[in-house]
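Take this structure first; my questions come after.
Chains: A, B, C and D, in written order; residue numbering restarts at 1 for each.
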Amino acid sequence: MMLPSADALAALVPDGALVALPPDNSLPSVAIAKALIRRGARDLRLLGVPVSGFATDILIGAGCVAEVETSAVSLGEAGFAPRFSAALRDGRIIVRDATCPAIHSMLQASEKGIPFMALRGIIGSDILANRPDWKVIPNPFAEEGMDPIVLLPAKQPDFAVFHAALADSEGNVWLGRRRECATIAHASKAALVTVERVVEGNFLDDERMASGVISATYITATAIAKRGARPAALLDEYGFDAAYVADYARAAKTEDGFRAWLDREVFATAQKVAAE
Amino acid sequence: MMLPSADALAALVPDGALVALPPDNSLPSVAIAKALIRRGARDLRLLGVPVSGFATDILIGAGCVAEVETSAVSLGEAGFAPRFSAALRDGRIIVRDATCPAIHSMLQASEKGIPFMALRGIIGSDILANRPDWKVIPNPFAEEGMDPIVLLPAKQPDFAVFHAALADSEGNVWLGRRRECATIAHASKAALVTVERVVEGNFLDDERMASGVISATYITATAIAKRGARPAALLDEYGFDAAYVADYARAAKTEDGFRAWLDREVFATAQKVAAE
Amino acid sequence: MSDIALEERLAATLARLILDPAAPPARHIAVGAASPIPAAACWLVKLLGHPVKLSLLHKRSGNPFTEGTRELFDLTGQGRIDLFFLGGGQIDGQANLNLVGTGEWPGTGVRFPGSFGSAFMYFMTPRTILFREEHSPRVLVEKVDNISAPGVSPPGVFRRGTAQALVTGKCVFAFHPDRARFSLSSLHPGETVDSVRAATGFDFDAEGEIGATPDPTAAELALLRGQVRAEMVETYPEFCGRVWGRAA
Amino acid sequence: MSDIALEERLAATLARLILDPAAPPARHIAVGAASPIPAAACWLVKLLGHPVKLSLLHKRSGNPFTEGTRELFDLTGQGRIDLFFLGGGQIDGQANLNLVGTGEWPGTGVRFPGSFGSAFMYFMTPRTILFREEHSPRVLVEKVDNISAPGVSPPGVFRRGTAQALVTGKCVFAFHPDRARFSLSSLHPGETVDSVRAATGFDFDAEGEIGATPDPTAAELALLRGQVRAEMVETYPEFCGRVWGRAA
């Protein structure tokens, strides 16, 4: 389903939904994050796959988020995520820490329709101590009572939200090597995807394109959002906008600074578009 | 490592090795199978991923195989696999039946470095009854004692053997959408790959190619074998050669017919090449 | 309009089962290799205008899967495949399927190709339509020699569905998982309850008057011979040639 | 040759640890985000002519992974990654790492970004080199407030390796998993055992004469300032500018 804008996609996400987001190095749809802020989404539960970045910080700052499950929240070179840190300090969000491969495995379990997947490591960490939903069992293939191993339950997000380079006439989207977004889409009940542009044809008919495609089977709705990943990079199309993130990091140190940033970068943009 | 021929690749496979092969619809290296016959390989254990076809039948017929683990052995439209059926009837091979997603899961467990992966279904089948290496446990995330589920042990082949369209200067291979070969390569100790041709450059620098690449990290050795998948199809490069398989199916109905076919299609070809 | 070919009747019969309003919806159907009649049924449903997504596993161009064959099983695990077709070298009265072989495991009598994904698909698809054109005591047996995939499972075993029906060259059976038995639904032309009993190795229910399997409608036949054939000829050239002739 | 920058000394020190003949071989090394000094050390090893494969996770062009970030963890699970680098907001005397935060879980004092893959990588890599330039009682603590990844594991817990060493701005420690303690290996210029003790929150062993951390050789410095810099400038422009200046 092709919709007219990222805002139309954001309108499909009810308050309280579990929304999976890739981080700044893997095609986040910052366009949808901004649209969720404009629509005043509340009580979202965000899943960072496997970590969280810019989009998560602005959603938290705007009061859209009740809970974050992730392996880290960071603005990369621009430092700690200021609105995440403030919300955690003030007790306004629940943070459920994981470790990167655990998040991948919980989604892969959902992708495969199995109730759990095992993962090595983790034992003896406080991550495990604070995850009552994770279990340790003796490896059934080892000798009796030996070899404890962590089992992670399948996690099925309500929405996969990401940005791709292209969509085709059939509703397939293409995002090249960033195939972890495919796993998110496979694992989720619905997938909302912004793209730079729509092209004629069917990517699946082209062997050069097919391997980088997420087929329309998994894609609930798509909208064009030019530079929809910005400030994150998009493959070889545009680079990471370090200056934009650094400017954000400075502004979002304070609540007032963040509000001013939101007015300028999230709300004013939409008004400008609406006025055109 | 670039080697001069499929025969040079086959020379790397010791007798008794566990060799994983994709089926006729997913880029088998029939060139390497023929080379294994020429080198007189013995006691190979073949894993069909997830089923077995032409290459498996000729290897069995030539006496190279001690054991086959697979979810089916078939020549597709050309019917049952004649040399497989004869060897099974005569008790010359051990057949370990599985079901398609179980083979994928055992390889994915190896790919992820976990000792097992769960799979739904299978319970109540004689496949399970004949697989003492598969276990049924109560799902630890369900209520006590409820919800039995099958656990499959990780399987690590000694060799992944398949055919790809292209290799590049860096040793990466490209095979488009047939990504199950990537899982075989990831799961295996070594990967031997025939390709149609080698091109300059690095596929990983090209977003259009990267998603269909198996990186050199996983590729032990590569050789050019023109039409190395034949009679199987290769992506959009050449189609399935139904006449060749039908001719084989007729010839291989008898041991004598098969021997004559081998002389003509496996041994004579090499002599011709050597004489050139 | 020429005579109705058995293949056409079977395709139209499968199409009606796919559209059965009493069954869970079939929004996404997968069709395995070497299944031209089920594939024709699916195309017929689609070309009749019903909104259905088809994943035809051996369609060479436009193969929908980018994770290889694994993706079909993952899709099914996710609950995205609503309907699948299965057959079997032997099918018994409890809808157990044997795709492995006769005699001792692993098929020391007649070896069939193998189980493929049946031991998973039969559990994880809300609906399975069993299809086997050969209707004989050799195929439809009292008890399969080896179970590739069981027709019913004990309580507590996760299972989304089982057989909806069994379609053969002679009749249509409905399957009743509550009592693990087939009942005769309809007879193809020329068959009677007795002729079916004589050709069937398992016992089945046949209550009341058993109707005739309806003929394909003129519209269905036109679609089968026109657009369906056109869609299928690339994947199943031999089948299309045999049933509908070489000419377009 | 100008003065040796601390970053250059640290890179050369890490390179020597990578090449330690007593440690398991480092054929394939992965380097995480925001780790320019470990990355420089790896390039130095490679450009010195040692056969090593590098997976630099945040290299934008030629990213080696086609399964996204999952592939690093799968590769490591397969046993194909021999060496990884980890740091931590807190590191304690048993080589436990805290990347989560101080105070109560999940970091109610100072919150750090989070554990990333440390709780997996630290177990599954045969060798980990711990690196943290800041050497202070705030970072090197007696006991971490929260354990992102433990330095040692009880017998029976599957673990391929743990810390080989901890490199800081003041010294090099070796880690001894058998007794879960660090020992002082070498002192950077200007440091003494006492100055290191004063700056370290955990107790450590310091037996016999502790040598000086060797200076980078002239060949190493030339490589760092030339080819290493050239390889790194795309991924770490700010770091390269700061340490080696903007000009080529």
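Assume a residue touches a chain if its C-beta (ideal position, glycine included) is under 8 Å from a C-beta of that chain, and two chains touch if they have at least 3 such contacts.
Everything quoted here is computed from the prediction, not taken from an experiment.
Colleague: Listed by label, which chains are in contact with chain A and with chain C?
Modeller: Correct list: B.
Colleague: Starting from the Cα centroid of chain A, hunt down the chain whose centroid lies farthest away.
Modeller: C
Colleague: Sort out for me whether B-D or B-C is joined by the greater number of C-beta contact pairs.
Modeller: B-C
Colleague: I'd like to verify one number: the distance from the centre of chain A to the centre of chain B, where each centre is the average of its C-alpha atoms, in whole angstrom.
Modeller: Inter-chain centre distance comes to 36 Å.
Colleague: Can you give the whole-Å distance between the Cα centres of chain B and chain C?
Modeller: 29
Colleague: List the centre-to-centre spacing of chain B and chain D in whole Å, with centres computed as mean CA coordinates.
Modeller: Roughly 41 Å separates the two chain centres.
Colleague: Using Cα averages as centroids, what's the distance between chain C and chain D in whole Å?
Modeller: So the centroids are 60 Å from each other.
Colleague: Taking each residue of chain B in turn, which ones touch at least two of the other chains?
Modeller: 112-114, 119-120, 147, 149, 177, 179, 204, 210-212, 236
Colleague: Send over the residues of chain C in touch with two or more other chains.
Modeller: 61, 63, 65-67, 73-74, 77, 124
Colleague: Hey, how would you classify the chain contact layout here, line, ring, star, complete or other?
Modeller: If you draw each chain as a dot and join those that touch, the picture is no line, ring, star or complete graph.
Colleague: For this structure, give each pair of chains that are touching.
Modeller: Here the touching pairs of chains are A-B, A-C, A-D, B-C, B-D.
Colleague: Write out the stretch or stretches of chain A touching chain B in their complex.
Modeller: 105, 112-120, 135, 137, 139-142, 147, 149, 151, 153, 176-177, 179, 204, 207-212, 235-236
Colleague: List the residues on chain A that touch chain D in their complex, please.
Modeller: Counting only chain A, the residues touching chain D are 25-26, 50-51, 70-74, 76-77, 80-81, 84-85, 88-89, 95-102, 104, 108, 119-130, 146-149, 177-181, 183, 233, 236, 239-240.
Colleague: Show me the residue ranges of chain D that touch chain A in the complex, using the header's touch definition.
Modeller: Contact set of chain D toward chain A: 33-34, 58, 60-61, 63, 65-70, 73-74, 77, 99-100, 105-108, 111-124, 146-150, 153-154, 156-159, 238.
Colleague: Could you list, by residue number, the parts of chain B that touch chain D in their complex?
Modeller: My answer: residues 110-114, 182, 186-187, 202, 204-205, 210-215, 217.
Colleague: Quick check on the complex: what are the chain D residues that touch chain B?
Modeller: Touching chain B: residues 28, 53, 55, 61-67, 73-80, 124 of chain D.
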